[in-house]
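Below, chain A partners chain B and then partners chain C, in two separate complexes.
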Partner chain A sequence: MIYADGTPMVWPIPAFALLGAVVIFVFSRWWAPRTAGKIACTAVGISFLWTLVVAAHLLGSGARQLAIHEPLWTWLSGAGPVDAKIGFYVDRLALVFAIIVSGVGWLIHLYSYAYMEGDEGERRFFGYLNLFVFSMLTLVMADNAFFMFLGWEGVGACSFLLIGHWYQKSENCAAAQKAFLVTRLGDVFLILGILICALLVGVDYTNLVGFDKVRELPQVDAFGHLSGKTVLLIAGLFLLAGAAGKSAQLPLQVWLPDAMAGPTPVSALIHAATMVTAGVYLIARFHQLFVQVPELMAAVALVGVLTAFYGATCAIVQTDIKRVLAYSTISQIGYMILGLGVGAFSLGVFHFFTHAFYKALLFLAAGTVIHSLHGEQNIFNMGGLKRFLPRTYLAFLAGAASLAGFPLVTAGFFSKDGILWSALTTQFGSVPIYLLGLFTALLTAIYSFRLVFIVFFGEQRKEIHPHAPSSLLEWPVMILALFAVVAGYLNLPHAFGGGAWWEHFFEPVFKEAEARPLVHDGAKELLAAGASGLLALVGIAAAWKLYGPPARRIVPEPVIAAGEIQNDTPAPYKSPLANLLFAGWYFDRLYMRVFVRGFKLVATLANLVDNVIVDGFYELVALIVRGFHALLVFFQNGRTSRYALVMLFGAVAITTFALMWR
Partner chain B sequence: MILALLIIVLLVGAVLCALADRVDRRVVRWTALIITSVDLALAIGVATLVSQGPIVFRLPWLPSWGASLHFEADGLAALMILLTTVLGVVAVLISWEEIERRSGAFHVWLLLLQVGILVVFLARDALLFYLGWELMLIPLFFIIGIWGHEDKQRAAFKFLLFTFGGSIFMLLALLYVYVRHLNLGMGGTFEIEELAKTPLSASEQWWVFLGLFIGFAVKIPLFPVHTWLPDAHTQAPTAGSLILAGVLLKTGVYGLIRLAIPLAPQAAEAFAPLIIALSLIGIYYGAVVAFAQRDFKRLVAYSSISHLGFVVLGLFVGNAAGYQGAVLQMVNHGLATGGLFLLAGIIQHRAHTRNLEVFGGLWKYAPAMGAFLLFFAFASLGIPGTGNFIGELYVIAGTFQLHHTLGALAALAVLFAAAYSLKLFLSTMHGPTARPWRAFKDLHIHESVALGILCVGLIAVGLYPKLVTQPLYFPPDRLVPTTGRVPERVIRAEAARGSLSSVSRMRSKSFSLDHEVVLVSEASK
Partner chain C sequence: MVPAEHALIVATILFCLGAIGVLVRRNFLFVLMAIEIMLNAAGLAFVAASGIHGQPDGQIFFLFILPVAAAEVAIGLALGVLLRLRYGTLDLWQIAQTRED
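Moving on, here comes the complex of A and B:
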């Protein structure tokens, strides 16, 4: 699996995951249920190892190679602009994503092996999980946008299947359906965006540099004489819509909180660490397009910061531990998109990198908590778990600290602070965006430690006897916790005496597209970092004040006594504002009433039209024909008496007619 | 000769089935399976031979009228007969247990139905084409009318009246061209190629095209002449639905390609906006109405109307992308919708109902069936990796080239396809179990084989669409429209790459795979 010149082949990375899926789907029905998990873990493990081999080749000492491009066979051809191969392209961007997908994916596979023990659909689960890893690797390693779209839809399908894993509950099916349809709405825009790109420069990633030439065009004839810049703006907005669908950004974010209906490892892998960051990958991959139009970058940044704010406000009042994390994911991806939108592409990707660790960790730790409490997900029914799950507590603490951006010692601090600093100082940034991002950082600290204090501190609120988790549920979490803390030092900024290694690492990918801060002032940078660090500490202190053991009451106070709250309570708070945030600003309700009901109504009406009007027309024709038939039957029934009668009437009629005519 | 064999084998098979009926039901089934398999082998032979040039078979028939038994296979025809014969085998497999009553007669009609379809696909003589066209009606009329479900006779009559009514217009148009050709002193002939040379005025072309179009539109079926389809599909036995959806509807599209457009090319262009509008309406209308259905088969039937809208749209946007997409969609729709109809039949055979509202949770009883339904539902909504994605993408790309807004509209329809496909899957396999299905067995081996064949076909086309698009260039540029606007890329790839001075390409010869190595340029270090 190595070329003659020493370059490792890259197709085996997704191929092993696919092989695992195929073996599980075809053969595992004759094997013990546990075998499926073992196969799945092995398959992804090999994928991960091979990713490391490729990484070693591309990054190892003396490596002069920046990317491996491996076209396999012609896929789409002969149809004008639709021209693509099946092939792989691994540069540093794809490599980072592939490492996270296979690496974090592998840890989550191991965790799932313990978590899903005894589940009815264990084989199916691991088959889907492997298929997901394959699709996701295809998404990030494809060498052109059409092949990427194969992975893009593949992960959507796997997400649908895994959200609906426990298929006998209708609400899981509804959540799965919603996730698929909402993301598919984004996908429609994405494919249109890709088509425009195909017409402009082609979809091979090596061609994307051509966008700067498109911008210069005064008019593009293929697009009704629009200027090159306008066409790029449209294409970019379509891609952004695609990214918003998959990455749960405003206004297509409604599916992600419901997607938590799936098993918790699925939430960790798909709906936190990997799939939902596909939008970040997409924008980073098409950075040559986005940087051409400043308005486009502004749109990206705006979507990012607004979503970050939106997610944080919703997370702060959720009662279900997984929904808190889901809204937090929405918010954190918003930060990533913000980073991309202000031109700090490498930092946006860096936030994806650190987020993958700490959010996967938070989900897995939450899974351990849920698992030990026999499926309890409501945080107000938890409490005091520090004593029962000490290792999980430590890991969760590390994750929450990273999420909150606890200064200097967590990865989340460095990655988020880098984005905020860029939002203030690059040519695409601005002060309002920076301030909103900063305020969101405060909210983030509050809601993440709200979780820690309510779940792990204080008294047990409900009589539940937690049982100790198995070791396989704990050590993948510990590994992730380690990275959640140290991964930040990969990009220690110059102001902190670091070398900003990560940014240099991505220089060959983003080249001049990466917007550099216009301000080069170490003191100011330290000041800004200090501000966001301080806000994180203030947020944690506020959370302690509001939700910690000293707090007498939970603010905002739920209507129903703590411990009694059910997850499906529509409005658990007294304050209407809290209820608004709890319901995700009522986006969901609005979409439900307007689009879902509207579509169902239209469908029913159309069906009625089809049956009554369209088909009715033909029925009417048939009826008229039958009328004539009946008429003729009357005249021609073979009886002499009838003929005589008709003749009589006929004679009378003719005579009358003849007489009157005269 | 091989073309004649394709048809003779089926005719002999029909006789054998009739005889075997006196022995045993099993003998009939095996005879039919062997006959259809032989036919499939012949069709594969045709498909491989056709790359070296068209295969022609010609016998005199009615020399005084200028009609001959002129069969000819080019790439497109080869594809269509391949699809027909594949589905022929599948149809026999799926009727294995389902048809208990008068099995001999059923298989005779099934084989004769394929004869009619093959004649349509192979005929290069207008009269022969018409003969095949009417020959398809009778077997299917009996298949629906005798072996159908609760309301079979009404559905069979509706089917017969609609298609027969349509074909009268078609015959009139053909006869008109024939007479014009004769009167102009060009001799009486039914050769399509000769008829196409008849110089018709614009208004004559208009009427001729209209007549042909009505005939074919009913068969496709296009909105608003589609209402026979849901009834026919719902009432037909599984094999009938399969052949109906899989190939019979395609004969309408094929007729447009072979007859309507060549005989009246200017009128075709004039009609194009109307037809594009009708097919776009059909795409949405079919998809939306499909969502409102409660009957499994009706839902799939309406989805067919939507998919066929894509086919006709691709055909009339008038460029290579659209045309290839249309043909791809014909093949994919045959396989994917065929698969859904098979599953409908399989489920109905076990549950004795098609009502989606009483299903639910069937996955628990029949995971293999669930997996297949999942696959075909996803194929139907156009998931990449299946042929349907490629077909839709090509059609959308072709439409997009013609008009951006129309292209975007066509793309958005895919969302609605997702809505009804997911509904179909979720309400059958997922959700709480609505009834205690005691005797609900998972797939039999012959059912798995039948479904498996369709799956493999869809994935093969999905990953290597050249399987379908390559034959369209046999003979080159005869059918693929070259008049359509095929836009160049605004910025050429080579020009764009020129600025990547650091890219150097290395090909390693010892491996079959190529890979490019992007080196760090000295400048960026």
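Moving on, here comes the complex of A and C:
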């Protein structure tokens, strides 16, 4: 599996995951349920190892070889611009994503092996999980946009299947369908954007540099003589809509909180670490397009920062531990998109990198908590778990600190601060965006430590006896916790005396598209970092004040019966503002009223038109035919006498006619 | 002397009676008889027309009709026997319903 020139092949990376899925689907029915988990872990483990081999090769060869391009075969050809090939292209961007997908994916597989023990759908679960890893690896390693779209749809399908894993409960099925339909709306825009790109420059990633020539065109004939810049703007907005659908950005974010209906490892893998960041990958991959149009970059940044703010505000009042984390994911992906939108592509990807660790960690730790409490998800029924789950507590603390951006020692601090600094200082950034991002950072610190304080501190609330988790539930979490702390040092900024290794690592990918901060003042950068670090600390302190041990807590608890929290729970708080945030700014209600009911109204009207006008016409035709039929039946009844009668009438008629004629 | 037109009217009435008999009768034998009546009505019309025109052709034609009628009756009765043997009835409607598909 190594080419003659020493380059490792890259197709085995997704192939092993696919092999695992196929083996599980075909053979595991004859084996013990546990075997499926073992196969799945092995398959993804080999994928991960091979990713590391490829990574070692690419890192070792440095500037001599920046990417491995591996065309395999042609899928569609000769259809004009739709010239789709199957092939892989692993540059440094794809490599980082592949490492996260297979590496974090592998840890989550190991965790799932313990978590899903005894579940009746264990084989199915691991088959889909492997299929997901395969699809996601295809998505990030494809060498053209069409092949990427295949992976894109594959992860959507696996997401649907895994959200609905416990399909016996109808809410889970509804959540799965909601996720599928909402992301599909984004996918429609995505394929439109890809088709426009195909017409402009083709879909191969190596052609994407051609966008700067398109911008110069005074008019593009294929698009009604619009100017090149306008066409690029349209294509970019379509791609942004596709990214928003998959990455749960405004206004298509409504599916992600409900997607928490799936098993917790699925939430960790698909709805936190990998699939939902596909939009980040998409925009980073098409950065050559996005940087051509400043308005497009502004739109991306705006979507990002608004979503970050939205997610943080909603997370602060949620009562289901997984929904807190879901809204937090929405918010953090908003940060990533913001980073891309202000031109700091490498930092957006860096935030993806750190977020994958700490958010997967938070989900897995939350899963351990839920597992230990026999399925309890309401944080107000937890409390005092620090004593029962000490290792999980430490891991969760590391994750929450990273999420909150605890200064200097966590990965989240460096990645988030880099984005905020870029939002302030690059050509695409502006002060309002920076301030909103900064305020969101404060909210992030509050909600992340709200979780820590409510879940792990204080007294035990309900008579639930936690049972100790197995070691396989703990040590993947510990590894992730390690990375959640140290991954940030990969991009230690110059102002902190670091080398900004990550940004240099991505220079060959983003080249001059990466917007450099226009301000090169170490003191100011330190000041900005200090401000966000201080805000994080203030947020943590505020969370302690607001949600610390109940004796000192000043925020009243929501009035919800234990374990009764559902998506459609009526307002649990006294304050209308808190209820608004709890319901996700009523986006669900709005969409329900506008789109679902609107659709039903249109469907009713269409049904009416169909029944009365369309069917009426055809029923009229049928009536005429039936009349003729009755006439024929009169003559053709099979009785000789009837035929004789008809003959007689005919004879009489002919005779009469003949006589009259004369 | 009865006018020849009256004979034609009688022939018409006879023919209609025969036709109605063919149409409405269910029994094979009666249908056969009705056909005979129609034939004889036609014969009467021929004879009457012969009288009107003062030519013998119509009367000669009636002589041809007689053996045709006799042959028809012979074949008809033979058919009737066969029908009776095959279907066990001479009811034409019933026979029409038990046709072999």
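Quick note on the criterion: the second predicted complex is superposed on the first by the 595 of 662 C-alpha atoms of A that agree within 3 Å, B and C clash if a C-alpha of one lies under 4 Å from a C-alpha of the other, contacts with A are read in each partner's own complex, and residues count from 1 in each chain.
Just so it is clear, contacts are C-beta pairs under 8 Å (C-beta built on N, C-alpha and C of every residue); 3 or more make two chains touch, one makes a residue touch a chain.
The model shown is predicted, which means the values in this text are computed figures rather than measured ones.
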Which partner, chain B or chain C, touches more chain A residues: B
Interfacial residue positions of chain A with respect to chain B in the complex: 3-5, 7, 9, 11, 25, 29, 64-82, 86, 91, 124, 146, 149-150, 152-154, 157, 160-161, 164, 167-170, 173, 176-177, 180-181, 184-185, 188, 191-192, 195, 198-202, 204, 206-211, 213-214, 217, 220, 222-224, 228, 507-508, 511, 599-600, 602-604, 606-607, 610, 614-615, 618, 622
Residues of chain C defined as touching chain A within the complex: 19, 22-24, 92-93, 96-97, 99
In the complex with chain C, residue positions of chain A that touch it: 638-641, 644-645, 648
Residues of chain B defined as touching chain A within the complex: 161-162, 224, 226-227, 285, 288-289, 291-293, 319-321, 324-325, 361, 363-364, 367, 371, 374, 378, 383-385, 389-390, 393-394, 396-398, 400-401, 404, 407-408, 411-412, 414-415, 418-419, 422, 426, 429-433, 463-466, 469, 473, 486-487, 489-491, 493, 495-497, 499-500, 502-503, 506, 508-511, 513-520, 524
